[in-house]
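Note that chain A is present in both complexes that follow, paired respectively with chain B and with chain C.
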Partner chain A sequence: MAQQERIQQEIAFSTPLVSNKVNISFLNKEYTDDDNVYQRKIQDLGSKYGHVRTTRRDGNCFYRAFGYSQLEALMDNPKELQRFKAVAAKSKNDLVALGFPEFTIEDFHSTFMDLIEMVERQISEAELLAAFNEQNTSDYVVVYLRLLTSGYLQKESAFFEHFVEGGRTVKEFCSQEVEPMAKESDHIHIIALAQALNISIRVEYMDRGDCGGVNQHDFPEGSSPGVFLLYRPGHYDILYKL
Partner chain B sequence: MLCGATMASMQKRLQKELLALQRDPPPGMKVDEKSIQASLTQWIVDMEGASGTLYEGERFQLLFKFSSRYPFDSPEVVFIGDNIPVHPHVYSNGHICLSILTEDWSPALSVQSVCLSIVSMLSSCKDKKRPPDNALYVRTCDKNPKKTKWWYHDDNC
Partner chain C sequence: MSGSRKQAPTTATKRLKQDYLRIRKDPVPYVCAEPLASNILEWHYVVRGPEKTPYEGGLYHGKLLFPREFPFKPPSIYMITPNGRFKCNTRLCLSISDFHPDTWNPAWSVSTILTGLLSFMVERGPTLGSLETSDSTRRQLALQSGAYNIRDKVFCELFPNLVEEIRKEAESTAVDRKSGVGVCVSNGFVGSSHDPAARGPADPADQMAGEGGVNQHAGILGGAFANLVVIVGFAAFAYTVKYILRSITQE
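Presenting the complex of A and B:
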């Protein structure tokens, strides 16, 4: 346990929560030159995306990557920003109606709304990035996105119970795999969050499978995505279209 | 390293939790106001065994400790005092095996939800006994139960 904590701390201090935007060729350096499977897939990725932002590998990467990327995309889309803001504003009452205690969730909700309002006031990309790299603010957003995910899964539990593994109820799954910090995300979490906020996310899957290129998946299926994420086993980063 | 913003948000949150607990305490529970320091980092909660359960008529005390990373870090919660409930998930040194105190902790949980889980853990008990590994555990464990690598079996007794 102590060793695990130490390793986590080392990771924490060595990488930013959300990095600067770097050229997609940055990914090449993370694999050896003779790692043909990954080098070929990065080449495929490079035909569609020009840049990447990495996120800290702390188990919260999906929520942090999504949160940053979604708010950044809203910077130059005022109409969508207003729609998103209205959905976000209303979401707290939906969670309270589902039984979440208002006095704990309101702090997370208000931090999330503060960030949306910062985007509305046309802050710079650097300011948004700084906010996402301030541990407290950033983690408050992560918690709120986790709660939205949990709330949607519970609201639609009749549907999602078929996808929950280990003989658990949707509620048990949420309290073990969604609401605690550092628990990683899978398809079910992404579907729920995308639907909770009525937005669309494309994930490019890049793993060791020997199938040539990367596999993409849109959540929900058939939607037109505004947020693009790169998945490598156990981790999500942010992608930017060419 | 203690960041000012973190400390401020931790105290703001604990202040709110304290008010909620005073206003709307779980049945049979009462926060001991004398036990609370100005920094709010340590509280004692008095509890009574619920009527109709194996613990009816007994009184217990829970000690809560909060780190500066609360509510991201779970609170450290132990039974203290002369009467430690005899329960398959409570060790004789007061440590409690309850998943929301470590692995399944979420920042949206609260002192109140921990209290409710502990009440429900005690209330569902059908056989008052110590955990099977009690003797070894209390001899070898760290003082802080959060340093224990718990192995959660089930939530029932």
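Presenting the complex of A and C:
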């Protein structure tokens, strides 16, 4: 436990929460040249995506990657921005209705709304990136997205209970695997968050499985995604279409 | 809202200040909490034992130590007043405490923590730092809690209202005794708060006095009264011994 914490700290100080945008070829360097499976998959990825932004491997990467990517995408889509803002504004009441403590949810919600309003005021990409690299602001967004995910899972618990492992109730699952910081995300979290905010996320799955290219998956299925994430075992980064 | 920068990091400070305003504006039943003026990361709380529990009438003082990473990491929770449920001055292992950072939810506030502590206190589930004691011991400790608390400097500094309450309670019990209204335990509760504080240690003496049939002497000053009780108690004991010895010799 202490060992794990120390390693997490080391990682924390060595990488930014959300990195600058780099060319997709950056990924090549993360694997050895003779790692054929990954090199081939990166090549496949490169045929669809031009750039990547990495996130810190702190267990919150899905929420952070999604949060940044979604807000960045809203920068040049004022119409979608207004829709998203309305959904986000209303979301707090939904959580309160579900029994979350209004007391503190307020803080996280207002940080999230502040960022949306910054985007509305047409701040630069650099400013948005700076906000996401400010640990507290960034973590407050992560907390709020976790709460939204938990809220949606609980609201639709009749459906999601079939996907919860280990004989737990949806509520138990949420308090153990969704709400605490640094808990990693799986399909079920992504589905819930996408539906809670009524947006679409595409995840490109890249693992050691020897099947040629990367597998893509849209949440919810059949939607047309505005956020593109790269999944490698245990981690999510942000992708940019060519 | 001014970004004061003491040794505590701004997020934790800001959040704890807000929690303080909230708990003031919207108090939680049975609970009050105050941060130290010198260190916002250390809070002291008092939980009032709920009715119909062995803790009824008790005032339980304890502290919360918040990490610099609050609200992303949980506080540690300590109980100071002897209560029979939790060990004193020991980090308690609860889902809301720092024993379980993996189940901590950053949306939990000081109010949530203390409500959680209270509900766990009145349950019977064991955990690290919990004690197994009888309900009567817990009741006894509840009665003694006020007297214990007013000996604590921090308690007196942070909770002057409660100190006042405990003192008044002690006085009203003493007045009852002096005016010879009788030593019925329930008198202290009428029209006042629920803390029987200083009555605690005198309680068994009251009962013995009743049994010994010396109720009418209750108006005498406390010290003399206690002495009398001891004498009567001893006399009763001597009689009992004498009776037993006699019945043995008769057989």
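Rule of thumb we're sticking to: the second predicted complex is superposed on the first by the 242 of 242 C-alpha atoms of A that agree within 3 Å, B and C clash if a C-alpha of one lies under 4 Å from a C-alpha of the other, contacts with A are read in each partner's own complex, and residues count from 1 in each chain.
The rule is short, and it goes like this: contacts are C-beta pairs under 8 Å (C-beta built on N, C-alpha and C of every residue); 3 or more make two chains touch, one makes a residue touch a chain.
Predicted model, so just to flag it, every value in this text is computed and none were measured.
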item	value
Combined model on chain A: chain C and chain B, fit or clash	clash
Contacts of A:134 with chain B and chain C, given as first, second, both or neither	first
First, second, both or neither for A:143, with chain B first and chain C second	both
First (chain B), second (chain C), both or neither touched by A:108	both
Touched partner set for A:100, first chain B, second chain C, both or neither	both
Touching partner for A:175 - first (chain B), second (chain C), both, neither	both
On chain A, the residue positions that both chain B and chain C contact, one per complex	100-101, 103-105, 107-108, 136, 139, 143, 147, 175-176, 179-181
Residues of chain C that touch chain A when the two form their complex	10-11, 15, 18-19, 22, 26, 71-72, 101-109, 111-112
Interfacial residue positions of chain A with respect to chain B in the complex	1-2, 100-101, 103-105, 107-108, 134-136, 139, 143, 146-147, 175-176, 179-181
Residues of chain A that touch chain C when the two form their complex	100-101, 103-105, 107-108, 136, 139, 143, 147, 175-176, 179-181, 183
Complex contacts: residues of chain B adjacent to chain A	3, 5-6, 9, 12-13, 16-17, 20, 71-72, 99-100, 103-110, 112-113, 147-149
